[in-house]
Amino acid sequence: MDFQLSDDQRALRAGIRDLLAGRFGRDRMRAALDAGTDVDPGMWGELGAAGFFALRLPESAGGVGLGLPESVLLFEEAGRVLLPGPLVATHLAAGAVKGAAEGRSVVAVLDAGRPVSHLDAADALIFLAGEVVRVVEGDALRALVRGARPVRSLDPLTPLHRVTVPAAPGDPVPGADGARLRLEGALLAAAEQLGSAARTTDMAVQHARGRKQFGAPIGSFQAVKHLCAQMLVRAELARTAVYAAAVTADPAEIAGAKLLADEAAVRNARDCLQVHGGMGFTWEADVHLHLKRAWLRAGQWLTAAEAEESLAADLDRC
Amino acid sequence: MDLSCTPEEEEFRARLRQWLAAVLPGLPARPRPDDWPGRRAYDTAWQRMLYDAGYAGLHWPVDAGGRGATPTQHLIFLEETEKAGAPYVGANFVGLLHAGPTIAAEGTAGQRARWLPPVLRGDEIWCQGFSEPEAGSDLAALRTRAVRDGDHYVVSGQKVWTSHAEVADWCELLVRTDPAAPRHRGISWLAMRMGAPGVTVRPLRTLAGSTEFAEMFLDEVRVPVSHRVGAENDGWRVTMVTLSFERGTAFVGEVVACRRTLAALAAEARANGRWDDPVLRRTLGRLNAEFRALWRLTQWNVGEAQRSGGVPGTGGSVFKLRYSQARQELYDTAAEVLGADGADLDREWVLDRLTSLSYTIAAGTSQIQQNIVAERILGLPKGR
Amino acid sequence: MDFQLSDDQRALRAGIRDLLAGRFGRDRMRAALDAGTDVDPGMWGELGAAGFFALRLPESAGGVGLGLPESVLLFEEAGRVLLPGPLVATHLAAGAVKGAAEGRSVVAVLDAGRPVSHLDAADALIFLAGEVVRVVEGDALRALVRGARPVRSLDPLTPLHRVTVPAAPGDPVPGADGARLRLEGALLAAAEQLGSAARTTDMAVQHARGRKQFGAPIGSFQAVKHLCAQMLVRAELARTAVYAAAVTADPAEIAGAKLLADEAAVRNARDCLQVHGGMGFTWEADVHLHLKRAWLRAGQWLTAAEAEESLAADLDRC
Amino acid sequence: MDLSCTPEEEEFRARLRQWLAAVLPGLPARPRPDDWPGRRAYDTAWQRMLYDAGYAGLHWPVDAGGRGATPTQHLIFLEETEKAGAPYVGANFVGLLHAGPTIAAEGTAGQRARWLPPVLRGDEIWCQGFSEPEAGSDLAALRTRAVRDGDHYVVSGQKVWTSHAEVADWCELLVRTDPAAPRHRGISWLAMRMGAPGVTVRPLRTLAGSTEFAEMFLDEVRVPVSHRVGAENDGWRVTMVTLSFERGTAFVGEVVACRRTLAALAAEARANGRWDDPVLRRTLGRLNAEFRALWRLTQWNVGEAQRSGGVPGTGGSVFKLRYSQARQELYDTAAEVLGADGADLDREWVLDRLTSLSYTIAAGTSQIQQNIVAERILGLPKGR
């Protein structure tokens, strides 16, 4: 019984970390932000080539044949660097939507009642409606896009649209389990939140070490120290929950992981902003991007209210 | 304990309401947030209307051109203008609430005559040059240098978080005139023309995407020595004196607005069905208690200030600590009410949620405020 | 418009403070604790003589003719020193139950579904049942006491009994308004909570000034400073809410006062305990008595859930 | 990441379960909380049963008489005994988990032979004399003096928070042997007989009304120099070495118990109707996430300790900070479930709520733990 990563898992994480550092370092991220580009097809292809989307497809189907624990490591890295795009949806669509596994298709998700992220970039949508999973593409997608209303998005790297659910929402994906897909989506989003929470902890600590006020690094003051300590506690508890849920794939454990990771991402971003003081309130600092993304993700796949209810229902089973 | 108003105060309120009802419908449309000249014109026109109606400088001393109103009258003014949806003080903020009172208290007769009337009439706009990149919470660490050259100071340095810099005529500036003196002792207060050569203003974009603030770069700007208010190297005291002009009224309008927002959130929740969620409903109820109490605390602080003749009570830090947190909770709750619409910047309250993030930081972080409460009110020893 | 106390109000407060210091100083309080005596009839009479119970009765009825603001000042002082006994109920019963006004009768409250405090000492009960207020005394009271089950009380100075509501619960008090009585009870309990919250703040500050660890008073460390600062903030906000509600007697304002004062009393007692460290965990320190009493009072008259719902309903009126 | 157990571990678990199922039904009734001799007898009898079954000193090194089990086996042992409702370590706590490991690591062969076997067999009980009234969070400030007199130390001073002092045979004692040395350098570790002349024990009543702890007054108690473990003045290091024996297993039983309590709270809420309150229900759901994660964090920390050969990871402070808070929230929620019965000390969970108050204080306050996390894990600079 050990949470330690295997050598293969370490190598996988190092690989994606290198890829992201090369393709989506801070300068590229800020350039994408200034240009308002959310999905870069070239990078999408590289992610596909690196196995980001096909990771859990069996090797017989051209995939990498790995599991949720490995996916979680990748999504954590994506969350750290604020990588935009419908990563979770495309990953979940691998095998069900042509080109998704290879990163040749961008697949977004349509979750009734919630705005659609990255609609303009999407080649297809997976449509979650109860137990059934459908794919919206081609004419149906074009009709849906025509009827969509753009939303001025809180997160500048996540364009949003309000859509009306199409009358003919495409064919069901055979064998797909909507509840399972939603759980996996929640877990992968939780992994992104974890990456963000860990990153804002690093940012706060780095700032607290360097920034001087009243003749000392602000990190020498207990008030700042304790903010940072609680950030680490939140991130580490979220990490534990996310990794364990990835191994067991237990629904209650996944709900707990999403709940704790959402909270860690949101509260750590806020505390990071507080540690940064006025500098954290500027557009130039990255902390607001983490907070906005964290807020958005907290409303996706499984909200706190949904997670808490499902965790309450689970108490019967303990 | 008597929370009723005097007949004079009620009469003041009634006349103000009458006047607001008469003039507000005739106001032009508000300018867009990024239309700075338009905003200046709008704000100064409103100030001129206040001036003509006898409401300008309501809380200023009479000998400075003000109306010498009590803090309670000022509270009533702020409460009623907010309730009526009147324009905010806007671009006139620094002139009316900070630089002006400083000059009124510490300036020479000539300085008062030169600078105060244009503020009251809305003819001149002031901005504030206090904060610096390396001097945030620790304001006394400011580095902007002013070197004497005959009857001028030559000022170089960098300021930040300057609001309305693009449209201001004057800047109240804190500079270091004696680098050898202890931190608080070598600072002077200058009035600097924004048009002077060497002043460069660069908009500072906040996380809300707007440019309410600016950075200001000063490169050998010449400021006449006669534009110094107070003695050389006495600027820290001069500034602190002014801060004591704060009579508990700083957040009156905001608290009134927060209570209105809360009622609107309840209405929205009833409309969209989320009112049926007891978790959300009880949170709204809790915030009702919070903002009712904060409103009463505002009245309390104003009452204290009135009795002490304007010296600020200890209630300011207590109020600010709780209010800044409550305001953030209010807009977090607004996001709950909005549900998926909480990510739509065009929906009411979403931008407010972003700007509420500054409340635990600006004008003294909550950490600094807690030190103040612990040391100055509770008498706990300073940290080593 | 001013929250400042009038000279009369100051004198009233000073009077009760002196009375309590003389009759219920810390030594007496600890003695009562050791002996397990909750209501001292002699002291009850002195409280009566000082106008504690008759305060709001009109002078024509032998009362002091003052109002809720004055009552609130008295109950705040009672809360500071942990004065035991059914103070609120007896105060509310003045005029309706013989001897209550003078402190010759001890009157407790029967609130259906909740345990009764100080039953053994009670000469009568006021029974709150909806809009009607009844008085249980004499044979009905004796029957009720016989059927009561003592509860081992969390608060050692507040004995509790579980009772069954009597079949013949006495006659309605003419003119009494149950809803109004409940609100006034909530406000006076809130005033006691305020006194407790202010007292634990004082205790924490005093300890933080004197106790040295790591070569310095612990109050010089930011972590302790900030705990104390937040205690003061809670107590002062509660004070504002309680005083304002006493002046206006507005139901929503009273609900807010109870909610904030309950929270201030409970959380300040906990923070006071934290500041005291291990010493706060001993029976010998008074902090646990404040916490236990605060917990009890939070469950009386108006709970947080009830207050929040009523404050939510009030939002329509804003 | 592999959360499954090895076949050996599963076999260990299965045998343990079998044994527990066989012996637990035959145990006598538990003594009352204030029956100290009864508690000693009960706890030592259980320890003797463990010894006879080969489970005593499971995590001790083999050469100290232990079983040399891995941290994971120890975790399984603690998990299964808790789930089966077996007796707690009780009076054997200090001997098995602190004094014993200290002697095993730092004692001479003779000291190990004298003191360790009686601990494993349940023949001798130890207590701990570390804390003092003036040395709480700041343990190194301890003042109890030990003055050398021939082959004895003469010890005077006062200790506090000593549990099981009334029934202990030995006390592991930290004393100051060099008052002139820097705080951490002049301390020694002694084994003191509780029956020695000059030892006075006075029960210390906690806010829960019980006397789990005692104060201990030492008046010229003579302790043989041969009862010192480690070098003179090296007691601080000796103690810290022992603390490093903590292999993440300290709270295994408690976390298992908290999860069971949570399920029981849900059952009680369903029974009494409060389950229909979404505010309470969602709080219970939240706590489910919390304790599930804390259980996984326990496993993680144990895994780390196993890999590092017993050196404690950084996870301990992280775990304790969150767990102590979650435990308090758990019992606050229990009070919500109980409603008006939450004031009844005879109802389950009410006393637990009181004792949970010590969790953010004992064994390093949350404030100290946050310093540790910030300085040792995050590398933030020490305060000035």
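Letters are used for the chains, namely A, B, C and D, taken in the order the chains are written, and counting of residues starts over at 1 for each.
FYI, contacts are C-beta pairs under 8 Å (C-beta built on N, C-alpha and C of every residue); 3 or more make two chains touch, one makes a residue touch a chain.
No experiment lies behind these values; they were computed from the predicted model shown.
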Repeat of interface C-D, chosen from A-D, B-C or A-B - more than half of residue-number contact pairs shared: A-B
Pair with more cross-chain C-beta pairs in contact, given A-D and A-B: A-D
CA centroid of subunit B to CA centroid of subunit C, Å: 40
Rounded Å distance, subunit B centre to subunit D centre (Cα mean): 54
Residue numbers of subunit D (touch at least two other chains): 277-279, 282, 367, 370, 383-384
Junction residues of subunit A, two or more chains touched: 221-224, 226, 305
Touch-based graph of the chains, sorted into line, ring, star, complete or other: complete
Contact set on subunit C toward subunit D in their complex: 113-115, 151-156, 160, 212-214, 221, 223-224, 270, 273-274, 277-285, 287-288, 291, 295-296, 299, 305
Touch list for subunit C against partner subunit A, complex: 221-223, 226
Of all residues in subunit B, those that touch subunit A in their complex: 131, 133-134, 136-138, 141, 160-161, 204-207, 209, 277, 279, 335, 339-340, 342-346, 350, 354, 357-358, 360-362, 365-367, 370, 383
Residues of subunit A that touch subunit D when the two form their complex: 1-6, 9, 69, 201, 205, 208-209, 216-217, 219-222, 224-226, 228-230, 232-233, 236-238, 240-241, 243-244, 246-248, 252-253, 255-257, 259-260, 305, 307-316, 318
Interface residues, subunit D side, partner subunit B - complex: 277-279, 282, 383-384
